[in-house]
Amino acid sequence: MKNQFLEITDPIHDFIRLNSTEQKIIDTSVFQRLRRIKQLSGAHLTYPGAQHTRFEHSLGVMHIAGMAGTSLASKKQMPGTDIDDIRLAALLHDIGHGPFSHLFEEVLQKKKRITHEQIGKEIILKSEIGDIISKTTDKKKINRLAVGEGSKQFENEIISGALSADMMDYLLRDGYFTGAEHAKIDHNRITNSFEVYKNKLALQSSALVNFETMMISRFQMFKAVYFHKTVRAGEVMLLEAMSLADDHLGLSSMNAQEYVKQTDDTILEKLTSLPETNSELKAAKKIANDYQDRKLFKCVFEKTISGKKTFGKNTLKQFRADIAKKSKLAENQIFIDTTTTHSMPLAPSKKESSSIILIKKEGGKITPQIIPISKIPLVSTMSGKMNILRAYTQQKNRNKVEIAAKSILGEL
Amino acid sequence: MKNQFLEITDPIHDFIRLNSTEQKIIDTSVFQRLRRIKQLSGAHLTYPGAQHTRFEHSLGVMHIAGMAGTSLASKKQMPGTDIDDIRLAALLHDIGHGPFSHLFEEVLQKKKRITHEQIGKEIILKSEIGDIISKTTDKKKINRLAVGEGSKQFENEIISGALSADMMDYLLRDGYFTGAEHAKIDHNRITNSFEVYKNKLALQSSALVNFETMMISRFQMFKAVYFHKTVRAGEVMLLEAMSLADDHLGLSSMNAQEYVKQTDDTILEKLTSLPETNSELKAAKKIANDYQDRKLFKCVFEKTISGKKTFGKNTLKQFRADIAKKSKLAENQIFIDTTTTHSMPLAPSKKESSSIILIKKEGGKITPQIIPISKIPLVSTMSGKMNILRAYTQQKNRNKVEIAAKSILGEL
Amino acid sequence: MKNQFLEITDPIHDFIRLNSTEQKIIDTSVFQRLRRIKQLSGAHLTYPGAQHTRFEHSLGVMHIAGMAGTSLASKKQMPGTDIDDIRLAALLHDIGHGPFSHLFEEVLQKKKRITHEQIGKEIILKSEIGDIISKTTDKKKINRLAVGEGSKQFENEIISGALSADMMDYLLRDGYFTGAEHAKIDHNRITNSFEVYKNKLALQSSALVNFETMMISRFQMFKAVYFHKTVRAGEVMLLEAMSLADDHLGLSSMNAQEYVKQTDDTILEKLTSLPETNSELKAAKKIANDYQDRKLFKCVFEKTISGKKTFGKNTLKQFRADIAKKSKLAENQIFIDTTTTHSMPLAPSKKESSSIILIKKEGGKITPQIIPISKIPLVSTMSGKMNILRAYTQQKNRNKVEIAAKSILGEL
Amino acid sequence: MKNQFLEITDPIHDFIRLNSTEQKIIDTSVFQRLRRIKQLSGAHLTYPGAQHTRFEHSLGVMHIAGMAGTSLASKKQMPGTDIDDIRLAALLHDIGHGPFSHLFEEVLQKKKRITHEQIGKEIILKSEIGDIISKTTDKKKINRLAVGEGSKQFENEIISGALSADMMDYLLRDGYFTGAEHAKIDHNRITNSFEVYKNKLALQSSALVNFETMMISRFQMFKAVYFHKTVRAGEVMLLEAMSLADDHLGLSSMNAQEYVKQTDDTILEKLTSLPETNSELKAAKKIANDYQDRKLFKCVFEKTISGKKTFGKNTLKQFRADIAKKSKLAENQIFIDTTTTHSMPLAPSKKESSSIILIKKEGGKITPQIIPISKIPLVSTMSGKMNILRAYTQQKNRNKVEIAAKSILGEL
């Protein structure tokens, strides 16, 4: 064999095979860094098994994307030569992620500075990884594909969106490592049922039940893990501590070189050893230490918001101020969380297609059917349940904040 | 209900129920520290999923030990009131473990200083954990049981040894998180088949096949994970770096207070930021950084040693010196590893019983049968294969060391 | 041990332990007969793995019912002495089932003759099984419990209904053997969360997600297996053949002694060797042979009926006549099937409670909450999708019947 | 798509895809008959889940054989065009099997008449199935391949032998359906590691551990299922009943047309309704009825034979006569069973290769290594344990036969 393959044992996919370009990429220290960024930030404080990282997830997405590509190529709906590019883009789709995944991103965005896509672009185009890619393919093309802007829409959709390798791997993996698995996602069946229709990714109608199962799993994981009351308590603490210490630590003004040295632990180390030179740093340090010892904020109020109402940053700020006033506590003792925050991995992305294309083949006849995802019965029910508003505070303020929050937010 | 129970979701046991004493113990920061000590030190560099920690494992051992206790109590072979003590001892059996689990232990032992049992004792008797225990039971009893010196031998054996909750949990858990699972261990069947015979733990003969399966799994895990060539490469690097930096960092002279602040990451951080003030520290720092970037030592020689021959520390030192001389390299470029080192979790412990007692019940008649483990056919074959000697070196010295090692060690 | 236990290996529950009374019951030939009645009648023609029988299922229901009883007894909500009775009733809840399970039942009911509950009663009270029971408990009590008429309502609900051991076992088992598993049902968690509230079976609110998962699984299994187009094709054929041959074979006029000799194979053997002495028997024989060679009816029309509309027997008969007339075929070439037929295992039973009681425990306070099952969001969505009407015919008549059915049933 | 594929859901392989030729073959009634021949004859009396049939197994072997072919074709070690032929041969490798699988075969062989390979040949060459094959490929070639006599040795070995699709499927399937699974067989890894060396099937050395695991599983399944004392009790009864009734029923003199109508149930029906016209038929009928009611023979003697000693038919006959004499019972009350009987699926076949070829690839260099299977440590230990001699009798004769058997066979 000319090509030596490396095989990595993985509990989700049994083994993942890498070609030599892929091996070289994962051997860079920028990529190895992903081993130190947990996939689910603070969920391990509630689900002790959830220690898995962006590293394994990235390999898994590459693996499933490759299965999707192979399926389409075998049906002559995509040139076989695209498979390797899709795998590379999938492998690198999270390379720009900062520590604590989506949480760090939210801190960055508050200052309207850089996004993880921009960092990712810099890494793919300008680092050692770019050089490795350039030896076999076009690094600009890989970058576009990795951020969902490739020229073939169905290839973008293989990497991210409601039918994507990304979602299949994270639902499978998060369910496996947390132990909170409720559904059996058949990624093998789904990728085997992929079709291309008018340049978009479609699904054979016989696999609709598998798509539904995946959507149900997403909803169950949303409730049980991603937006679990206690899981979010830890994440709200990390967000708050990073925000308070941002000016001092310069989190949101790092350049790419500094950025790619940060991991969950380096940030936590910085936070727990902050100087106590002002009240903000003092508060940040206290929160970080409490996080580490699992003394978590308590949720004192929760409400499912009906309809499609969402709350902007200013509204949320106002809620905080109002509850503080009413409960006679400082604002920095009150924490508001919603499902529509940027740090929620499941907030429907702007780019996510709002419909799914089903292909029915019978007697040689092909009938496409475009279904708005919101019209799939189980899915529409679920999405109505995913808009939630919560208030948290420290253990000692529970009663006061509970009363104030009820009176301010109870009528929304 | 008077007793509130907490239920923790765990991928191995579905959910683990804790009573209020157990909850208070796991909420101490000494116990929370176990979340930052990986169960398999450096195995995640080879098996990316192996990110699991001593924290989850400790909960799992408690859970299985409780099943074992319940089984014996239901057969009136043990008072039901012992169950809670056994669970506590199981929960705390690893509390004295240092960073990188068995590796740190080996560094400590080189200086013949403290052991993890002694640290554990200090924690159980003198820390906050001791106070929590004292409210419901005798902390000295729990400590004795946790280190295998309780007055009822079968209770010690529930916690550690060839039939123990410890072994069942780690084989199940390590197999699950690495993905290297080869056998299906039925801990439910095994604990249900426990009996007490002359104060020792025994097994109903109908569960012999399940015990054999567990022994096979232990052997497959030994080959595939615990003593895997590349897994050990990383661990040999950590051992070497800690040894070289020990005097500077004072690793083996910490008191218990300092000790319980150390985790995998604090030690790695110390190692990667060592001052380069002498050649030893320089070497240690280089090794730690290479470890972190996964530039691992290469194994250039491997030999299965027949018979029961083992090599003492001095012999191993001599091998190192001889290979260095022959290959014209410095001694600190050569690394010797054997399966009989203290850092191998599977080295047969002194206390591990060398035989298993089977109980046959037929027509009301009870026949005990004491079988030396070494006489169980599959097991005896395997143990003969577990005595292995290896030489490692850096990538650049591969050829030289390979030749020298062959000539020096080839004839053993 | 005074009591010798037998352990039976089972893929769903690892092993099932039986006491000596239970062993004696399963050793009777009346009980052994259940080995020859497939759990899912004709589903194996579509899902080849679905060869499992009422025998294993009965053992499984006994096992889960025992777990439920143990859970309640450990919370002092039920006397421990009830556990064995609940297990016996669960073991025998299907003992009156005829060949092809629910299908045979439907044939019996057409003649308004005996039900499987009546047969079950006769077996429990008057056969050898009754004698075995009487040695340790009251056989009348067991019979009442087995048919859902015991004096403690929560015990009836352990055996059948939306939270029952019966449903948990069949969903787990049917999913495992067909391979059509879509959800991970945690029967361990559910039974551990059982409570008794005002003599009814209730669930701790923390297990609501597990109940929802089970309801979703039920719906997915309904679509994928129980009411799968091709699965039902086979079952409609069996129904038709048995109806046509009933007068000749006397299926619905058997006494209990004859009844308990019948199995799937004896009936199929009778049907495939019918004399062709009249057109009905000729048709029945042809259908049975086609069934055996898997030459199944084709579904030419399917419609999901909105709302709660159901169709009585006479309406369905009229549909058949109308379609026959329109397509110019004999009535016996047209077959109408609906989800509300008696042969559907999932038709909501009259006795199934329409609400679920959730118990919230916080700070020693117990809050019960009674939720109509139809108000649980996912469940209400699903039940609206379970009212389906279909038309089948032989391969050769496909086109004609398709056109006629569309015109007659399309506007409903 | 020109080719319509059918997908069949299977619990072992998730789904199995069939092309149109394969679909046509499984739709014949000769192939459908395999649905009524249990894979494990009488094992369901001990393992209630073991109801699976030769039908599912045949699909599974086809599926794995296809994976093996695809793996070799992707490495250019086999023309891709061979894949379909290998799949067909795998699908049909058991088509000649009679009722009760290997048991019926043994009855046939006693009369030195036809073998299942000969029946298979007749079916493949002369029935409807042959006509279907001929439309796309050469039926003679398929027949040769199905019986292990194809011109490419490695293709024969894909279908049967120690590395074969047949063995992988039956170990996986029998473990799954019985619930007696002890090992995790990674057929995906094994087929991916296939190589061809000098026209023989070889394995990459990195997959040796997976091969070992499979061999261990085979041994555990041998002990726990295939040669389980009670499982064999049922099978010895079937053998005896068929032998006694052979002359009357003409089992071993059927022609192919009659043969392919027989299933487990038709034979059992014939046996349980034998006329009691002579003592042999009377005995056969009694045994068959006892089998059906699970009143099984009891094993009163068991001995593991050391070394390679085997016993010929005449020796076994003599044992029977001697024990009968000594216990003063009729010979037909004594039943001798050995692991070397033809009805044992695991008796090492004459054609099974006695060595395995490992291929090591390092730095572009290929090193083959031929290892006698008997030299693989775990395997050699196991095979020494697989030569077992047993004596059975009816419940009522237990004591007498136990004493006699001990005295006659105890010294072997």
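We just call them A, B, C and D in the order they show up, numbering each chain from 1.
One rule holds in what follows: a residue touches a chain if its C-beta (ideal position, glycine included) is under 8 Å from a C-beta of that chain, and two chains touch if they have at least 3 such contacts.
Labels paired with UniProt names: A, B, C, D = HD domain protein.
All values reported here derive from a predicted model rather than from experimental measurement.
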| item | value |
| --- | --- |
| More contacts between chains, C-D or B-C | C-D |
| Chain pair equivalent in interface to B-D, over half of contacts matched, among A-C, A-B or A-D | A-C |
| Rounded Å distance, chain A centre to chain C centre (Cα mean) | 42 |
| Centroid distance [mean C-alpha coordinates] between chain D and chain C, Å | 34 |
| Chain centre separation (chain B, chain C; CA means) in Å | 49 |
| Numbers and ranges of chain B residues touching at least 2 other chains | 14 |
| List of chain B residues in touch with chain A within their complex | 8-12, 14, 27, 29, 32, 35, 44, 47-49, 51-53, 55-56, 59, 176-180, 265, 269, 292-294 |
| Residue ranges of chain C in contact with chain A within the complex | 181-184, 209, 212-213, 216, 220, 223-224, 377-378, 380-382, 384-385 |
| Residues on chain C engaged by chain B in the complex (per definition of touch) | 1, 4, 7, 14-15, 75, 186, 188-189, 192, 206, 361 |
